């Protein structure tokens, strides 16, 4: 069985594994205050040309989202998200569990747009009884989106400008950031992210690491005391070095960007395979997640040899399915899959 | 510099590292539903002779404590803890962040005793205005305690009996469970734990794993839907296999118990070294944490070669310090330390 | 200026005021354990033919909603609500502040229907990764709805049956319950409510009292320890007698139902006035809230003499406005308003 | 039966009742934006010589405490309180329910002192792992204390200076503020309170009103958006006018201070009665709450005619009891009680 079910089906990139092996018996202090974490932060700052940001390491994505959102918002404030946003539908209410409403707005192609934010804020601010409603104070998107689409630099800039205009934060969930940056459709450079939002994170779990997300806080007002939040959320790993070692490897010799690129190349090969064999794409994705429409029969047939995820049932005859590539995907497996189409 | 600062200064036991290497490119499903997790659960059930418990893997201790406590309590209920309890002093209010008061009672030698629980419950139940106060609904201890003391089987049994008498839960934090079970002063067998409490956890982070805690839920009423709680707490690792692989190794060939035993043996050697050189023990610990009184001068001198933690300042001249051994401690380093005393 | 802005523009019905005057210097115990509260509960039990319910008094509606919802749900559970539901849009995230997601579904005429609940539950239960999403555990409606529509007995029964089928709670917010029951379009009898839901409340604030809501818990599993929840929510009035005195009056000689009926009669008169003068209704409401479309000019003209609320802007030329009657509305004022149309 | 059980055994002062009667059918807008609330705020500002404070009305004490504390603190911050503080023991964990730890320190005579705050902050700030512990960010006291003692102006000033030195807030719970200010032992003037803390409240429930607390926010950083917090907490009364009407009366012709003074005079008469009859005081209280030691027999005898509260059991033979006077206490009842001693 060959799995295309997700981008976290294997362990980690061999460079990371080698580094974990090599450093295993080195003694360090705990909780992320070791030299590996310090080094990894420097490498991330270099890779993203960060000039004024704090970098923190957390273990997973849901945890990272809930922690930074809880840190940023007051009890009566909420976070705007496309209705398909990960925080809105796939985190078991982790944001609400920390007290905040997710203000879901209808996605367009998986995205939130500046105009929707402006409308929400304008409407809130004009409401004479606005204290009876949740105050929008942050906009959340993921880049790429849950459905594999990506924002253009102009779109991100417009969202950020709108957020600044209304005094709210802009947070970019980058669980799959590498795949967005490596996409052929992308025009955002790593060095531009710091100036396009208040906070973003660089996903490790889905891009070559065993686990780990690097949160980059660019807005000064979100920086103070963030380690308290990490600890309270249960996100402060005793052996914090594990995060430092992993991210240090990911940002040595451009590894993060290169393995992302490779995944994209294979995803494009798969997409072309679908198209050439006459399959209909469910979403025209330029990232490592490809969504294709399959008849029930074809899906059943493929499932004998391949793992992939039901995305949405279309009708009694057919559904859309998700196929993921990753840093770990073997080209021969893509070929096998295409040959079965 | 040789570190005795904690039991999480290195990576993981070589068996675990080998297993991570060997399995790295194997594909599995995510979120702990893979075969490694299933296997690890079986091994834990065998090692602790579990007959009616659910086992779940989480990433860290603070996270595990906060998650099970939040799962067990209603909004108006609190958890009884010795004032020195980890949840009361070293988790940045993670229990309160999920809405629950920690009902701290004065520790005796790091411990909570059945009588204190009985008094609290009797007093609460007799209060005519009891709805104005937090209802105690769980007793929390750690085994061993924060100060290296351990509960006897009789003490645990008495606490559990009292909890059952008053209809409250008994939760044992086993972040360092291996070291308690391996202690020369211990009379609790692994196979007895299931019948001594409602829920406990088997610490991996401090006993040979890179990270990970195995939560054992013995009380049926705490079992339903616990995976929702794990996910919401940000404790559900995408590559959940990492926990399965690690715990599977820890419970192969008694590894968990043997490496714990080794740490205890070295801790005893160190303790005897302190005593033979005429140092005063701050606590008479039988576990892997040793607490000794050092003059300021001696401490400064030792700090040139060794790392260890200030525990509590006693007066202007001297303080108590903590020295930890672990599965990873080298005997030669213990010898070096003793020779410097 | 004559206000039709809401149903809480005056103090309270004169019977209540008289009772407050008469009892003012009587000494009682506090926190709702006095004889007036006991009496009021008996009268409510009689008026609604309650055979197996607990009655509790709280101060306001948002408080009541948030308190019972927090009492009913576990941390990973959410409450289904029509998107226009009061808890979803007009309580500043009070439900989320206590940790729970409001699962908003598109309203049909202000209502939630059984089929929507069934779809949500079916979909949730069929999801292989359901622990990544919030578990629906309660359905919330208000009766009447925010837009003045009411559920038929058959609709309520169908919702309740669906809730029972899927093991979730059904909660009816009755902030304006009197006006629903008194509506000409209503076919639900007071004595039927206990068997149509798990919990409902009888609004006092908007139906003749200074303040106060009587929560009726019919489902045994929601009953235990509810006074702890009231106290923790800050909803336990020291002079709890005030609630007892008021509800005792409201349920003496059918006062609650009669003043509700009177408000409905005047609302119908107003509605007929609108229709006869050729105005378009925005919603065909049969309760004390009437929604009419006015041109900007007409609205401005009326605003010189009358207060009423902008409901929703329709276009540049016209908007929908809400006019409320209540137990306190004077018929002469309705006449004056109609004469100005 | 004559009740001395609390200071909330009756309704309200007759001036308030008259005002409620007189204004009953006046129409106003809701939610505290009416003219009565505006007037009451002006009167409070005059009575306390407020120059830079915001005044808000809430319904009850627990609600007020929990709301302002939740508004002031970030998720990882806690509030320092004497262990006997109302928020620590008599609010069913309302502060924790909103996510914050109450950092209880041992009371001295019911009080918290500046030195304790300083020690806690010094210790926290010096802790190298301080992010593992809750950050103290507010000091809470009640004035008078739960046991009837009062702080001197110098004590309050010293606490506030310490709070400012360490950058934390100082919050004074004034549920019984009138009785503190009227106490013969008091040296704090109403006009001085604004400059002695960051926020305090003027209790109405226990000092002549049916209910209601007036929160005075003096620190600018606590002011923004506070009405959102009130609404979310379920503390925004629809008929907010009721709070305005009541506080307006309380601060007309010094009523608040005069009825407080009267209660103190009667409490002193009672205290002298106890002393003259040879009873032992449990606390030397100068406020409206008197604490006396009674033998079991004497208590039982008195209980045939009088209501009063068991405070604490001293031994098998005797206990301490609390007797409260209030704005409503009749002198003849004090005389009757003394005659029975």
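Should a chain be cited, it is by its letter among A, B, C and D, assigned in written order, with residues numbered from 1 in that chain.
Keep this in mind: contacts are C-beta pairs under 8 Å (C-beta built on N, C-alpha and C of every residue); 3 or more make two chains touch, one makes a residue touch a chain.
Because the structure is predicted, anything quoted here is derived from the model rather than measured.
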Furthest chain, CA centroid comparison against chain D
A
Any chance you could check whether A-D or A-B wins on number of contacting C-beta pairs?
A-B
Between chain A and chain B, what is the gap in Å from one C-alpha centre to the other?
33
Once you find the CA centre of chain A and the CA centre of chain C, what distance in Å lies between them?
42
I'd like the Å distance between the centres of chain A and chain D, where a centre is the mean of that chain's Cα atoms.
49
In chain C, the residues touching two or more other chains are 75-76, 91-93, 97-99, 129, 131-132, 228, 231-232, 236
If every chain is a node and each touching pair gets an edge, what shape is that graph: line, ring, star, complete or other?
complete
Footprint of chain A on chain C - complex, ascending:
75-76, 78, 89-93, 96-102, 104, 129, 131-134
Which positions of chain C touch chain D when the two form their complex?
1-3, 5-6, 8-12, 14, 17, 20-21, 23-30, 59-64, 66-67, 91-94, 97-98, 205-206, 210-211, 228, 231-239, 241-242, 307, 328
Residues of chain D touching chain A in their complex?
31, 70-71, 74-76, 98-99, 129, 131-132, 135, 225, 227-232, 236
